[in-house]
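Each of the next two complexes has chain A plus one more chain, namely chain B in the first and chain C in the second.
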Partner chain A sequence: MELNKFLTGTNSTSVLDNILYYLVLAISIFSIIPFFTIIINSSLVNFDYSLLIESQFLTYVRNSFMIVSCVLILTFIFGVFSAYLVTFHNFYGANFFKYALILSFAIPPYIFGYSMSAFFENYGVGYSIINFFFDTEMANIYLPDFSPITNSVISLTFTLYGYVFLLSRASFINQSANLIDLGKSMGFTPSQRFLKIILPCARPGIFVGLSLVAMETLSDFGTVSFFGVSTFTTGIYNSWFIFDDLETSNFLSLLLLFFILVFFTIENLSRKKSKFHLLKNDRRNKKTDLSGKKKFFAFLFCLSLFTVSFIFPFSQMIYWSIKFPEYFENLNILKLNLNTFLIIFCTASLIIAFSLISNFGNRVFKNKLLSSFSNLSISGYAIPGIIISVSIISFLSLISGISNLNLKTLFIGSFYGLILGYFFRFYAISFNGIKSNYLKINYSIDESSYLMGFNKFKTFYEIHWPILKKNIFFIFVLISIEIIKELPITLILRPFNFETFSIKAYNFASQDLIEAAAIPSMFLIFWTSILILISLNYFFDEDK
Partner chain B sequence: MKNFFEVCDATFSSGHKHELKNINFDIPNKGEVVCLIGPSGVGKTTILRTIAGLERLKKGEIRLNGKLLSSRGVLINPEKRNIALSFQDNCLFPHKNVLQNILLGLERANRKEFLFSPHELLDLFKLKNIQNMYPHEISSGEAQRVSLARSLISSPDLLLLDEPFSNIDPILKEELQNLVKEILIKTKISAIIVTHDPNEAFYLGDKCGIIISNKLRQFDTPYNIYHFPNSLEVVNFLKRGSLVNVKIISKKILKHKRLGIINAKYGCSNLNPFNEGNSVKLLIQPEDLEHDDNSNLKLKIIDRKFRGTNFIYTLKTVDGELIHVLVESHHQHLHENNEEFGIKTPINIDHLVCFEKN
Partner chain C sequence: MHFFIFILTLLSIKFLSAEELNLFTTRHYDSDVEIFKDFTEETGIKINIISGEAKPLEKRILDEGESCIGDLFFLADAGRLVSAEKKGVFRKVNSVSLKQQIPEQFRSNYWFGITKRARIIYYNPTKTSLKELENLNYEDLSHQRFDKSIAIRQSNNVYNQSLVASMIENNGVLKTKEWLKSFVKNFSKPPSGNDRAQILSVASGESKLAIANTYYHALMASGKKGKEQQNAAKKVKPFFPNQKNRGTHMNISGIGVLKHSPNPSNAIKFIEFLLSPKAQKHIVDNTYEYPMIDSVEPSTIIIQMGINFKQDNQTNVSSYGKWQKEAFKLMKDANWN
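Presenting the complex of A and B:
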């Protein structure tokens, strides 16, 4: 009785209440397993500081740093400028590009990398095009020969700038028209208004976008491994799976996590700040018409961005697929589709169910212990897939080591293990999505419902669920997009012979069979594009 | 006989913010209305939330119909009490329209007879033409009416209203106050109404409680609170009249330096605890003094407020004390600032209300 009072603040708790409480606690603790495993592992590592001066290590740091800073600069330019154009101006296709530029999310960076490589290689697509128009055998010298790092930077930039685009657009839209009118009356030119008013006001939103880009870039495995760049993620993968060098792997994981944590913190702080920059009741900005020349350049800029980020990879994958139809025979397309749907359905349902329960529990119990554990539980999304996979394996070994439970065979290389990996990585998407929707429901709505005689569970069923369900559908779609694109977790934890589009594409590409990788890549882009089109409403929620 | 509803020696608190200690009040008979008045942020809402079962009681007891609802160790969940609470910020369910929102109030009603049909309520609160609209489509005043209707439909044993008329425009407000009073009398539903408007409380309440700085300062009938405020805090909160320094001549006669002798008209005073010859503060309410242009007692006017049916003049004695005098609006002699204003002598005041000087 006393325990109940402490836990829930009420005396008349039912058995169901207790079950719910412990369930929520269990879910939250469960979802921080990877985070704790890394900490436990790192405390087991005898730090060998000679690693720090080892040449390989310095290469990881230098490459990762190079790639992150270049990608940040480029995504900033492309993302912010395109968002500025479509938010504040009328030009041909402005409304189309508003949606079209989001489609870049459909392309995973590694698939963009495959199309880069297929286009620019000797006697590749670029060569064929030049050859066709100019009839020259010397076409290869006109094509730039990018270094692996440049290739990675370009691939990551054009697939990740969407974060900056979306988030800066959201802050632009919420900017008060009064501010800009004030700028006009003070005699600022349009470019001065952009640099002195619009940009500084949108800073928190842009920071959130850039931090997400940085985190994604640092976590990227597929692209850098394809181009053979030594970064943290490839370093972790190689030292663990090729050299079986646990120490280096843990050490690198810890360092990578530290860097990511920096961006994670920036992101969270900026998110909080950005709330104060949103003006609710003020006038919204009206779009201005651009003059002839500028109109054309705005159109050209957005068109090029859209072409490079979406048309370029997608059309190439279609081109290769049609050109080499024989690869279709080696692929069981139906099975790949079914595998993908199965894994999406199981994982997304599980994640959403768990995050619903956790959010609901947090709301009805208003308990500090619960909420602090739940806040930690979103840490998974900051942890790169590759580290999550490694930590799952070492966690299972740890459990197997101290008990007789043979969890290793149950989870490693099995369907369950794969779901587990996705769960840790994508739980935060769902948890935060539901949480932000829950926050929109005034707490006194719940109280009104209790006063009308509904108990907690009926309140959920009658009040919460009808309000939340529309967004839960979108969260389902978002998780699906992420799972289809996901590579390292699937690569490491999948059961033998269980293949998805991303795995197929990766496997072919690493054998230098880009033509063969095209078919699964095409399917992958096809499905993610459809999912993105379905979820457009969710992306543009701020417009209303 | 037992009281219908009682709060005994209760300590209310929500979080660490405000704590209200030693609160005692009751509703002796079913159908009576209590109004709680106090400055904002004093914890009035906390009291309602605790009675509804949304907050725990720190100390003391709350009983309804003899049944213990809350005490330190006991908390009957809100859904198990037949108490309706209408929130200040209207809490309509956003995914249900007006009618559906009202019908949800029937959920708890386990009795067979209802005091109102949904359509009666729609009529009473003039919601007929918005019954199919959703909460975001209606004004805040309309939402408050819906919220009231939703609270009434379950025929609660006790109705709790938190600032029920705060969002409603003044013209409709009075009409709605009349309506609520009429409904409460007709249906014999007991209610506790929280407000910061004393006039509203005096109109609606059989009894009123004044809550100031974490205490229930006075719990009494509106008449008594108005005419016999029991402490300086209550006087200051109600902003009734001014306090002047007087000397006690006898239990029924006072003397003021400038105004002269002040008599208790009906021999009614609260001077018993004080000794003759003591100096005390006397409450002079605007209607206590009468205007007389021929009087020798003249004071300087420093302000005049037009209140429609009357004027309130603010006068200043040479010692700097401010005194308010109420004069009928039809009064022909309009006096300007800095003019002299005559007061009829000798002064007779209905109730002498004095406080110790501090």
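Presenting the complex of A and C:
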């Protein structure tokens, strides 16, 4: 009865509206706390700007630029081409690869880096394999010696191309068969059709995939520091860890964020000029068979991609776990699993609830202030985890300093603090995920609902929620995958004795025992793979 | 609102009995955790742990201030101990037994060295004879005869910074700057990988000399990393430099009591425990470091490397903290990536 009154009541509507409005505003402001703390702490006025023309800084920029460009080019080629093959063609294993290639998401770039280095180092795994077959001491010479930048590019490419694969495939699936047939009748060769029709039509999806890759690459620290490349993020760390200069570190983070925002704006502007439509009654594509040679190469391409990105790191982890079973002894596997599930459940639920409210509010109020705050609120995803943690600590000290609330005790080194950290970092995934689904619901549906006498809340409950809920599970999975892999925030903000698989893997790797790090890494990959597998249907919702 | 916060606080903080100690550590050894359990058995005091990286933990401790429930901070480099001391992370500790057990250059009034590590040179006897290395000092590594033959990890590594800092302390900024210029030209390849990667580079014949901490080699030799690594470890030999003057560069892992520690007396008890022969033996047998107290021998593997070498007992490790930033600047200026 009460609920019904709440949903239909007309008297209380304006009060509820007000509450909703301020709630959404509060959520949006809350989620940009790290962004503002970084601005405050980077002391823009007193900053020694001459640092920016020093050779060291230019090296950071050059290396970051180089790594991002190479990773973008390679993920574009691997992601788009493999998505094209499995979507438009029949060849051996095509149906397997369309799912298998997503598994690369399960491997964090830093773990890929560990396995690469252990494989190619002198007297490493690669050496053992060659030595086993040929019994030669020369094995070390046959193995390639990649430069630190090449190593980083490879690790990032094979763990991130999944974004491009996933998003370009989603666009390909929705492409109109009529357009492609039109190309055929105009006498386009298959490669012309690919370049002139398929690729341009999928541009928005591909671009979103590439921008995710760019963000992840720019804010990556684990991989580049493991291989020792001086990039923007290592600059952020060096200014703090070596020069004890947190202000410069904050300033560089802000600069990094600025680059990313510029990148986004350019993308948005360039897209506004063109419109991409899918007509509802359009025919779907039929897959075509590839001829003999092409069939084989398509298979080989996808197989190599799958092997390098997933089988290569995962099998090494399994190999070490079997070879060094003694490292199982020190692991409290049950507790690690419980910790992981608990933190995932609490954080993902909170993030999803907040982003639902925020998206709903943005939709019903169509308020500029709200929407600009909400757009900023996704910035957390582009800020390196360690900087987010520091800004949380600084912010809590600030609040505790000016008020009587001792928020520090509550949030630093507690479960809640950890949730807070993950919230800031991963809110964007959920907010954007729900937003893109909301955009699919036409505004005219809302208007019809109001005409039927539903208020805003009933419209949400009866109309939006049934459409959105299908995807909530998928978003839950995406956040979970990120949380399982997360390292820097967990390292700093966790409570005493609280450990996760990524922390364990990091601890062993720090002791130079990658063999022992294999077991927690294996569990980490196992759980992320399971999450991906149970949500496969959601990855390609329309692929029926 | 206040009630809500009160309830959350109740949920989030375990009421600390006097029988618990909270430890922040940048050492990631499981064997450390095992010996902490022995302490709990002996005293009934439970040790809670957070491991992580030095600066973020330091920031957390400082910003938490009086509400920080931590008691101890365990760090794996002298420079970092000094940095934490300067910022007021630690409280002054007056313990006669600690002062008696730890040599003066490995402690301050605020922190205490628990283990020592040596940063030494490794060579491949099939490529380099011991005679070539006779009386070799770190200072000689800039010599032209070592052109393109030295493997060492990157400049952002704190052990390298401390090594260069110790050279600044002993030879001055200008001389070290000159030394670095020629030293970096002698690198066999662009620095990458950890200390073990440098040792492997010498084992495979790619580089003539490697600079690395002793425990990396010991870990390989122990077989904990498999047969291939063990065999590779046998291909290299350790060389302890600067024997005719100040001695081989030593660094420490050290611990201090936090300024706002709720249980300082137990915390001191814990440090004293870490210096007991039993704890020292357990630590060095597992981590292959050198013990701080004389009555304990290092692990067998370390003994086989040779323990009768002259350790640098004249350079106070506090100087590493003093010169680290300068050292890093000079290293970068010399194009040490």
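By definition in this document, the second predicted complex is superposed on the first by the 429 of 544 C-alpha atoms of A that agree within 3 Å, B and C clash if a C-alpha of one lies under 4 Å from a C-alpha of the other, contacts with A are read in each partner's own complex, and residues count from 1 in each chain.
The rule is simple: a residue touches a chain if its C-beta (ideal position, glycine included) is under 8 Å from a C-beta of that chain, and two chains touch if they have at least 3 such contacts.
Since the model is a prediction, treat every value here as computed from it, not as a measurement.
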Which of chain B and chain C A:Arg203 touches, first, second, both or neither: neither
Superposed model, chain A: greater residue contact from chain B or chain C: C
First, second, both or neither for A:Lys295, with chain B first and chain C second: neither
Which of chain B and chain C A:Lys287 touches, first, second, both or neither: neither
Partner chain(s) touched by A:His89 [first = chain B, second = chain C, both, neither]: neither
Chain A positions touched by chain B in one structure and by chain C in the second: none
Residue ranges of chain B in contact with chain A within the complex: 49, 52-54, 56, 73-80, 83-85, 87, 89, 91, 93-95, 104-105, 107-109, 150, 154
List of chain C residues in touch with chain A within their complex: 5, 8-9, 12-13, 22, 28-30, 48-57, 59-60, 63-65, 67, 69, 83, 153-154, 156, 161, 189-197, 200-201, 203-204, 206, 216, 219, 224-226, 228-229, 231-232, 324-325, 328, 332, 337
Complex contacts: residues of chain A adjacent to chain B: 9-12, 441-442, 444-445, 447-455, 462-463, 466-467
For the chain A and chain C complex, residues of the former touching the latter: 56, 117, 121-124, 127-128, 131, 140-141, 145, 147-148, 151, 225, 227-228, 230, 234, 238, 240-244, 246, 323-324, 330, 386, 389-390, 393-394, 396-397, 400, 405-406, 408-410, 412-416, 488, 491-498, 503, 506-508, 510-513, 515
